[in-house]
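Below: a set of structures, written as structure tokens.
Common to both upcoming complexes is subunit A, partnered first by subunit B, then by subunit C.
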Partner chain A sequence: MALQSGEKLPMFIGHIWSKQKSRWTLLGLRLLAFLAAAAATLVMVLNKQTKTFVVATIGTTPVNLTLTAKFHHTPAFVFFAIANGLVSIHNLVMIMMDLLGSKLNYKGFQFPMIASLDMLNLALVSGGANAAAFMAELGKNGNSHARWDKICDKFGPYCDRGAGALIASFLALALMLLISFLSILNHKLVNSSSHNSHNNIIALPN
Partner chain B sequence: MEIKEANVRAKAPNKTDKFVLATQICLRIAATATAMAAAWVIFTANQTVEVLGMSFDARYSYSPAFKFFAYANAIAFDFSLMSLFFMFFARHALTATIYFFFFLHDLMMMSLVLSGLAAGTAIGMVALDGNGHTGWIKICDRFEKFCDKVTVSMALSYVAVVCLLVLTVMSAGKSRQI
Partner chain C sequence: MAKTKRIIITILLRLLAFGATLSATVVMVTSHESAEVMNIKFSAKYSNSPTFKFYVTAEAIATGYGLIVLFLSSRRSFDRLIVILDVVIALTLTSSISAALAVAQIGKKGDTHAGWLPVCNQVPKFCDHVTGALIAGFVAAIVYLVLNLYSLHVFLTPLFPV
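Entry: the complex of A and B
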């Protein structure tokens, strides 16, 4: 059988999850994560709204004030855009490496590099998405204790587009989590099935 | 078949294994301690300021971002403590599958604490510097003690995240070797 007595990985996973299927699944997930992160970056970077307010009336002529809401006014949104950009580049590079590069060598240095990079990018997109989410919550609800007014009632479309970017980024975050988990799982299954003649226990029971 | 099974890689724990296990336990202790310290500091950070006869106060529960940060650190402390006990008491019987579950646990905890940190840092920067475009004034010049405590809490949380990141990579490495 594929696994020996020390390993407890359930048998049905080994049957369902063949090596080819796992490779294409991972590739598909990376493609989705790339698209989600790229969409989030683009929507956030192109997010801008200009609105004219009437602040006073002198005689019969109104005094207008034009305000613009841009994403780079808020440091958290800048971090969000950069983080999602980096994650989409990472996924693109991983896809290219899988399709065009050589076969993954599980014994060499390549696999820890890929696993570590996946985890670092997961951390990055997690940070970016959550920072922007709480800034957006502050803009939507304000904070009465700190006397910070909400801005989403005045800049509705800006907030809606920002919400769309946030949803795409959280989707990318979920996908990156799944990708990190699956690439380690794949490696375990491939490693176990290629060593099926060895015992995998640590200590021999006496 | 019998002889082949008896000759196989039955490892008695050698020095490298002991070193790696000791490192894992130390890192888990560090992550647990810093997460607990961060949660403690922010749960007890409150300050009241009197201005012109009116009193204003600041506490962590007035901002959803700080609440999320506090709860994330508390949850990470709980789970890290449980994983520390598990690793300590099961230290002679750790297989690759158990290391895989440790990897999952560390990944989840690192992600959670980092999310809380990002949220807290974003709102903290607004509190520290204000935001001229939206008309949000800074509050850290009034509430200095509160801001200092929140800064300390976040610094501790950053240390916890670094420990958890190293633990994640180590657990992933150990889960594929054996």
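Entry: the complex of A and C
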């Protein structure tokens, strides 16, 4: 898509979404989504806590037991880390392509590829975030019917860091949803202006 | 000709997804088993776990949505809204199936680091029932994803010179 700087569509009632502004908005949103997903991955991968418990006392010497909580003990958290890593790589590639890719010429094929990849990565990050969320809920509340004890009262900081990673991942999910819709809307707007059909302009607030 | 082919493919995919979500809901709701092990009564129902309750709710919403859209798919004016709602429902289905799979995997294998014992040895029939419901939900999620990609392809094709 050749860029015309600051091209404005014909004036109608209300504000009009200019092509230049929408391109930078989309780029900014993708940067935010990349940062959120990368933060979620990093916080989850570096999440570890070691704690020593006194299990028994023999005479006067206490018997200690050292337990470690690491993220790779739980398969759901491993899936979470991988999913968020893939999504952050996807956003990085999309940013690079937007900034540097205007020299490559594959006009008809580019947009369906971007839209489909966006949708697939949206499903991926949604699956990862929700699996980790319910596993965290199980760790926080336990399950009395299955006789599973909660672990968050013993490993408080581990649970807090996991919660932070989850929040970052849900933020990335919301941003990716917004990006998917905006990029499809943006492309439809640009194409209908280049085909000069005045009736199809969608007016969006600034 | 292309339009009737498009309509037939869409209706077939929606019927398949409707059947899958309906069977996932019904099989999960009817799964319950009681077992007595050494004087302790183990009773397993889907409502013992918030994750499975979320799963049943999400699949039920998807079933209702599928039924409504099957009757509406001939009206032109709802096209854009149906595409957007399809994306939302597909996201909900993928999240519910992944959450249920995570908890079911803990139930089957346990988690030695957290001291959680597997429950499938005590209630094997419950576990099989839940496995069936999860497979149906997985099929439903994949079919909705294929439906979304197909709608995207159909929706965007008139805009390209390809």
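Here is the rule we use: the second predicted complex is superposed on the first by the 176 of 206 C-alpha atoms of A that agree within 3 Å, B and C clash if a C-alpha of one lies under 4 Å from a C-alpha of the other, contacts with A are read in each partner's own complex, and residues count from 1 in each chain.
Operating definition for what follows: a contact is a pair of C-beta atoms (placed from the backbone, for glycine too) under 8 Å apart; a residue touches a chain by one contact, two chains touch by 3 or more.
Just so you know, these numbers come straight off a predicted model, no measurement behind them.
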Which of subunit B and subunit C A:D98 touches, first, second, both or neither
neither
Going by the contact definition given at the top, which residues of subunit A touch subunit B in one complex and subunit C in the other?
69, 73-76, 79, 111-112, 115-116, 119-120, 122-123, 126-135, 137-139, 143, 145-149, 151, 177, 180-181, 184, 187-188, 191
Flag every residue of subunit A that touches subunit B in the complex, lowest number first.
6-9, 69, 73-76, 79, 106, 111-112, 115-116, 119-120, 122-123, 126-135, 137-139, 143, 145-149, 151, 177, 180-181, 184-185, 187-188, 191, 198-204
Subunit C contacts subunit A in the complex at 43-44, 48-51, 54, 84, 87, 90-91, 94-99, 101-103, 105-107, 111, 113-117, 119, 145, 148-149, 152-153, 156, 159-162
Interface residues, subunit A side, partner subunit C - complex
67, 69, 73-76, 79, 107-109, 111-112, 115-116, 119-120, 122-123, 126-135, 137-139, 143, 145-149, 151, 177, 180-181, 184, 187-188, 191
In the complex with subunit A, residue positions of subunit B that touch it
5-6, 8-12, 56, 58, 62-65, 68, 92-97, 100, 103-104, 107, 110-111, 114-119, 121-123, 125-127, 131, 133-137, 139, 161, 165, 168-169, 172-173, 175-176, 178
